[in-house]
Amino acid sequence: MTETVKSTLPDKERRIAGEALQDTLVDLLGLSLIGKQAHWTVVGPRFRSIHLQLDEIVSSARAFSDTVAERAAALGVPPDGRPATVAASFSLPGPEDGWLRDTEAIELMATSLEQSIGRLRHRIEATEEADPVTQDLLITITAELEKQRWMFDAENWPRSQ
Amino acid sequence: MTETVKSTLPDKERRIAGEALQDTLVDLLGLSLIGKQAHWTVVGPRFRSIHLQLDEIVSSARAFSDTVAERAAALGVPPDGRPATVAASFSLPGPEDGWLRDTEAIELMATSLEQSIGRLRHRIEATEEADPVTQDLLITITAELEKQRWMFDAENWPRSQ
Amino acid sequence: MTETVKSTLPDKERRIAGEALQDTLVDLLGLSLIGKQAHWTVVGPRFRSIHLQLDEIVSSARAFSDTVAERAAALGVPPDGRPATVAASFSLPGPEDGWLRDTEAIELMATSLEQSIGRLRHRIEATEEADPVTQDLLITITAELEKQRWMFDAENWPRSQ
Amino acid sequence: MTETVKSTLPDKERRIAGEALQDTLVDLLGLSLIGKQAHWTVVGPRFRSIHLQLDEIVSSARAFSDTVAERAAALGVPPDGRPATVAASFSLPGPEDGWLRDTEAIELMATSLEQSIGRLRHRIEATEEADPVTQDLLITITAELEKQRWMFDAENWPRSQ
Amino acid sequence: MTETVKSTLPDKERRIAGEALQDTLVDLLGLSLIGKQAHWTVVGPRFRSIHLQLDEIVSSARAFSDTVAERAAALGVPPDGRPATVAASFSLPGPEDGWLRDTEAIELMATSLEQSIGRLRHRIEATEEADPVTQDLLITITAELEKQRWMFDAENWPRSQ
Amino acid sequence: MTETVKSTLPDKERRIAGEALQDTLVDLLGLSLIGKQAHWTVVGPRFRSIHLQLDEIVSSARAFSDTVAERAAALGVPPDGRPATVAASFSLPGPEDGWLRDTEAIELMATSLEQSIGRLRHRIEATEEADPVTQDLLITITAELEKQRWMFDAENWPRSQ
Amino acid sequence: MTETVKSTLPDKERRIAGEALQDTLVDLLGLSLIGKQAHWTVVGPRFRSIHLQLDEIVSSARAFSDTVAERAAALGVPPDGRPATVAASFSLPGPEDGWLRDTEAIELMATSLEQSIGRLRHRIEATEEADPVTQDLLITITAELEKQRWMFDAENWPRSQ
Amino acid sequence: MTETVKSTLPDKERRIAGEALQDTLVDLLGLSLIGKQAHWTVVGPRFRSIHLQLDEIVSSARAFSDTVAERAAALGVPPDGRPATVAASFSLPGPEDGWLRDTEAIELMATSLEQSIGRLRHRIEATEEADPVTQDLLITITAELEKQRWMFDAENWPRSQ
Amino acid sequence: MTETVKSTLPDKERRIAGEALQDTLVDLLGLSLIGKQAHWTVVGPRFRSIHLQLDEIVSSARAFSDTVAERAAALGVPPDGRPATVAASFSLPGPEDGWLRDTEAIELMATSLEQSIGRLRHRIEATEEADPVTQDLLITITAELEKQRWMFDAENWPRSQ
Amino acid sequence: MTETVKSTLPDKERRIAGEALQDTLVDLLGLSLIGKQAHWTVVGPRFRSIHLQLDEIVSSARAFSDTVAERAAALGVPPDGRPATVAASFSLPGPEDGWLRDTEAIELMATSLEQSIGRLRHRIEATEEADPVTQDLLITITAELEKQRWMFDAENWPRSQ
Amino acid sequence: MTETVKSTLPDKERRIAGEALQDTLVDLLGLSLIGKQAHWTVVGPRFRSIHLQLDEIVSSARAFSDTVAERAAALGVPPDGRPATVAASFSLPGPEDGWLRDTEAIELMATSLEQSIGRLRHRIEATEEADPVTQDLLITITAELEKQRWMFDAENWPRSQ
Amino acid sequence: MTETVKSTLPDKERRIAGEALQDTLVDLLGLSLIGKQAHWTVVGPRFRSIHLQLDEIVSSARAFSDTVAERAAALGVPPDGRPATVAASFSLPGPEDGWLRDTEAIELMATSLEQSIGRLRHRIEATEEADPVTQDLLITITAELEKQRWMFDAENWPRSQ
């Protein structure tokens, strides 16, 4: 059934945009899962502040994952956000099993966000010619993740030196 | 750091409740992922109706997964909702790769919900002695999933005969 | 078409829960109708206060009747809330034809609520083994009706001595 | 106590308006009950769409029944919306016992609404001289029920040919 | 400047509609002032209930007075709601100086509303030919005031016998 | 497919009501388009005030056009609001190409509204016997447009002398 | 019944505060009536802007009149806001009969507000010793009316030179 | 008066952006009109679902038409959205006269949206150099219309094969 | 740790303001507790009206207690609202054990409020020189409590004679 | 007046449930008072975070205390939440006089909540037979307090080792 | 144009109040700018908590600056809040260039607020005779800034010793 | 501490984006201050309309200044929005001391906005290569300021010729 939904893009452009969106989808679903994991298992003096901050990332990641997946569908590319796919493709660092110190949670999120941003910037370049509509969405996501990353980085000071 | 957060339950009761909660967490996170997957890839004459209905399940599953994981933490048991854990432990049927016919989406969700309810009813029994507070939460989740299952089953008629 | 929607309960349990829900449905629909009747026909110095109070019961009774009927459907039991069924099965005391004195309205509602609570308590016992999910719903309804009954009873003082 | 609340209309006009309102009250309460019945027991591929649509009729019917009954009271005529009265006086077609096919639910509601509209149009004529205030309320109700009827009729196509 | 705003009605019809609206304006502004007066000065066991009920009449009367005056302006007739005009033209019974017993407040409002309704019904007849748009507004106001009157009358029982 | 949706009116009455509604639909859609046109192109010292005022007319005209078209459908008459129909049938004065002086915008809207009201008053008469429900809707629309016309006329003073 | 509600102030202080509040009540009710009168009858190029601005004064005046009258009641002094009292005691300038030019409306409101502020400032002094709670309320009202006066005065420029 | 509002763009760029915006305005106004037409005249088993879905497109098209026209004005180009202009310039396929089968409505909207997207993609290219601010707006509109198109296309399956 | 938070007032003024605030805190916390006690235990024909009225006092008392305590903290004075302190320092009359007649509840609240107002008026005087900011807060609280007292007193008539 | 409000429970069951509810009421009112006390007097680097967190406990404790007391009343048992009763019966640890270090506030609340939970679990057992409706309420309260306790405990790490 | 807006105060009083308001305006605008500066540049473990807290001060300072400037205008004194004026007149301590440690941010705000409060208290005295309305506004601002100062001071502990 | 927060951009790109953002920050803070200044000091017949319009610009400018400054921080560049920096760097025309004629206010804002837009368009070009995420934000701001400029320019007609 792969050809079911027609695309408004030619094949090549659809493939480029489709890959960028699928990879972004996995990153965002993964971030939403590890964000929640840290939200639940964080301990330490800064528990409450980080507990709340993590929910904001999860909320952003969930909302963007929906937009990204529906954009793929709109281009005739069925997105894949099933548990096994996310687990197999997600490559950003995440928390260990068990409780998580607050300082580790902050450093972990700053690092994961930084890596996801680097990947997004490559996709912004890759989609510029293929589909400026998809590119615009990736730019919007990058702006939000860079804002979130700054907050964790500012909070990480002076340990991150 | 497993002993970090104190429990209000004795060891045995905590273990029983903790297992029930962890298993429920995986089911709910898995349901939220496959619900979204079907939300994005469903095609057919009933697209819009099912697209919207699936978002209600995802919304319920996400909200309950948060309550369940925080209840585990409240009992001193760190929950595990990381991508690899969900992928490894989730055993309910989910959609195939690619687009999904509307009739298949309905049957799939009815089946997955039915199986998750059967598992929840066992956990309701298992936690009755160990922790009535956890049991009460599992009862609330079951009521909601049974309502959702009925709607898909009613919609599945007369094909499910 | 009685077997149309599958049940998540075995036959015997489904029958017990189904009966408890059907009987509760009739009581709640009946209460919503006699509550409105009194809301419209009450006269006397306490008119406004009781007129408003009755709408709160009607609102609760309508909301619970929906939950109860959908719970029956979720268990594969088609509920019956048609006019003839309600009229034939409803056995709680209701207002006479015509205008209704405020003192009588209060006494009537206190009595009807008290009787409906007694019946609910029997159903709570009856469903404990058969279906704790249904039992939990009946407990919730009882809590609300007992609160409403207290308010009418407190208002009925000192006449109720 | 029938003369308890004074009327702002002479006897004859009050009787005409009172009868029109009482008959409308029974139709609306009956519609709200059979609408809910179908809301709970409908099955088939269009389940969700009709389940939601039926709640809109129930909501309209309940709101109008309150306005109609309070208008009767305002004219010094105590309305009668008790279970036995509704069951005895309600003459519009309603669903059978048990589950209800979606196509039957649609046809049933289209028919019941059509009949109730025909009756309302007679009451609009009957009250024109007696009480233009009551007439205006009946016109408002007719507009809403005709809109609801059209929707079911449009949905019934091409079966209704 | 009397001809400043053009009318959409011929002269005779404008005069009839204009008079009906001006008289209604005075009644409504007067009702809003005596309603507030009673709201502030009522005493007795039913203080709170009547205090709140009176504010609902004031709120209705103020909103309708605005609609009525703007309708007059829309017909090219400048309305007159100045203090001296209201005082000179208002002829419905109002409260005495000083505190007001709750039973008197109820009787007073029931009487004032009854008289204002009688006057409105004459204006409904008078405007039927001249301007059905104005007539429709007067019908709407009558419906609301008759509802309010019933409530005070029901509350007045059994003293009003 | 013209007979697809059944009517609740006999043929002759349906034709009269259907024509009144179709003509009103064109007037309202036309008003919403020229209102927006003036909203975008108005210039002059009163720009902001008129820019906002025009959006209120557009909002009313759009809402009423929906009600009018759905009322036609409810009577079994398919409405026609397609671009070519609106352009061909719309006969009220509208703005020229390009920017529009604020004084001209005001005079234009006052004139267009005045003409549309004159047409509505004829339809109110025409539908009185055929369908009082349709008539009541036309009365409501007239009340709103007359209010809007007054505001532009009052604003047009003293130029309109 | 003048002594019905007890005062929390000694006789002399109650008399001083009571007079200040009664006089303020008349000014505010009068302002609300002439503000509405101008709201309805204003014509001219600034119609819409002033029409809206006048409703803000009316809204403030109505809200403060309620607070002022309830404060009098709270001090055991029954307030008097009946039509005849307002007409007899209100001494601020108001609009003439008929339509009102926009420039006159602005000048009129600026003048009426200025005079009412002068009177409030005397009452602020008069109540300083007698009742600082009443004084604080009068200060709050003055702040709002001075803000409203400034806006009309700024709008009146350069005519007010 | 064509030069009335100054532009922030040089002549050539203004002309390119102005044309792209004017053409988009006509497409969006046309879509809003044919979307409503289908909303009113659709019949068939999927009536309710499509009736609601069409209102979402109309809502988007109306909001974007406003933004597009105001952007043209902001660039010193008076937009043209008058009935005759829309009728003359609109070239997307729309519904026939009379009732519209649900399957045809879906296919029609999928086709119209697809064509409008193709046109928008050309304008995105055309405005890249001339005005990136206008381009960004066109990208946003394309994203929304592509999402709407996917939904109709997904719903059209398997008929669209 | 008493000197932990710096004060913006000199020692003497801080002491005066601190005492006034601490005493007011105890009165308000006490009022909120006895208000709730009466809210729960009141019986009699006026039950509902008083039950609701008491919650308004509790709500005011709780909100003001927070403002008062935070004002003390802002002046460098740690407030004391612990159970033992409230019980030891609270001196206003409160309800007996068990159920409370409605007439007694009204009289009790009128008396307690009257006494608390007398105490507040002394503190208003005491803080005038020491801290006008604290004085202004006490004036605001007095205005609200005097309004509440009036309502109970008006309701108490004619028994309070 | 102890027998004033009838109970829906037999004597023995009412006594058991009544005691459980009265003891819970004292714990919750005490928690709300010491929570506020800590809210006002906490100092240290985590001031803002804990200040806000404490208000959430106070809010929960106040809401539950109302539900618990009204449940006692609904069972015919007058609750006792007067200042002296709370002070005499409250046995959970609370803050000392004066300012409170943030680390102490956290430890204090974790301890108080832990003890209150232990007591609630005994009452859950005690009421299982006597009144499942009361038991269900106690389970709900326990779930919330255990969640709050976990948050303070997680925040207390690593000091709590 | 300095005399353009009339004052309701004599010259001397206007000058005193005008100076107090102008000086307060500069302090508040300055506080809003340095509060935002710290909001953007703060780093350290308490980043999130302080980042949010600073926005509350900015929000208060902006709202009060508007009220203060409009009060000056209402007294016929044109306020001056232009960039150069704020820069030249603002004398409270603010952050250095670049990133700002969280501990420094807290100490800085506590100090700036303390100084601004000292200046406000002088203006409260200075305006007591000249204009109690202006004084009342300054008292309100002082209450809010003292509350904000306490929170930073409490957070600064034990470093501030 | 300049290197405290890491950047997601290389040095050169960070410098380019950082400068564009810092310059935009100063323009927006400056616009918000002169917008408020004109909001407070404007006089003339169009006072109210412009007073309100200016607050919309201030609101936009404040919101964008926050987004711009946080974007700089997200790129590791500490923004500078302190009073002295704004005063020294702000170069757009602003109002003189004292009252401001309404015609001057309009011309002033049209000019300032036009100049700020010209500067933004240069920064859009400058950041295209360096950081498309920053560029996208500048495009969004330009779109809003161009819309605001058009409104003032349209209002300035025919004086701006």
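Going by the order they are written in, the chains are A, B, C, D, E, F, G, H, I, J, K and L; count residues from 1 in each one.
Note that contacts are C-beta pairs under 8 Å (C-beta built on N, C-alpha and C of every residue); 3 or more make two chains touch, one makes a residue touch a chain.
Just so it is clear, the structure is predicted and the values come from calculations on it, not from any experiment.
**Q** By label order, what chains touch chain F and chain L together?
**A** A chain counts here if it touches both chain F and chain L, which gives G, H.
**Q** Assuming a repeat means more than half of the contact pairs shared by residue number, which candidate in G-I, I-J or F-L repeats E-G?
**A** Comparing residue numbers across G-I, I-J or F-L, the repeat of E-G turns out to be I-J.
**Q** With contacts defined as at the top, give the pair, F-G or B-C, that has more of them.
**A** Spelling it out, more C-beta pairs touch across B-C than across the other pair.
**Q** Where the centres are mean C-alpha positions, what is the separation of chain D from chain F, in Å?
**A** Once rounded, the distance between the two centres reads 32 Å.
**Q** Based only on mean CA positions, could you tell me how far chain C sits from chain I in angstrom?
**A** Comparing mean C-alpha positions, chain I is 41 Å from chain C.
**Q** Averaging over Cα atoms per chain, report the distance between chain A and chain D in Å.
**A** Taking the average C-alpha coordinate of chain A and of chain D, the gap between them is 53 Å.
**Q** Considering chain L alone, which of its residues make contact with at least two other chains?
**A** Expected reply: 4-5, 43, 46, 49, 70, 73, 99, 136, 154, 157-158.
**Q** What are all the touching pairs of chains?
**A** Per the contact definition above, the touching pairs are A-B, A-H, A-J, A-K, A-L, B-C, B-D, B-H, B-J, C-D, C-E, C-I, C-J, D-E, D-F, D-H, E-F, E-G, E-I, F-G, F-H, F-L, G-I, G-K, G-L, H-L, I-J, I-K, J-K, K-L.
**Q** If you look only at chain L, which of its residues touch chain A in the complex?
**A** 4-6, 8, 70-71, 73-76, 132-133, 136-137
**Q** Sort out for me which residues of chain L touch chain F in the complex.
**A** 46, 49-50, 52-53, 151, 154-155, 157-158
**Q** Sort out for me which residues of chain L touch chain H in the complex.
**A** 114, 117-118, 121, 124, 135-136, 139-140, 142-143, 146-147, 149-150, 153-154, 157-158, 160
**Q** Write out the stretch or stretches of chain E touching chain G in their complex.
**A** Against chain G, chain E makes touches at 1-2, 4-5, 29-30, 33-34, 36-37, 40-41, 43, 62, 65-66, 69-70, 72-73, 78-84, 86-88, 90, 94-95, 97-101.
**Q** Within the complex, which stretch of chain J touches chain K?
**A** Its residues touching chain K are 42-49, 51, 99.
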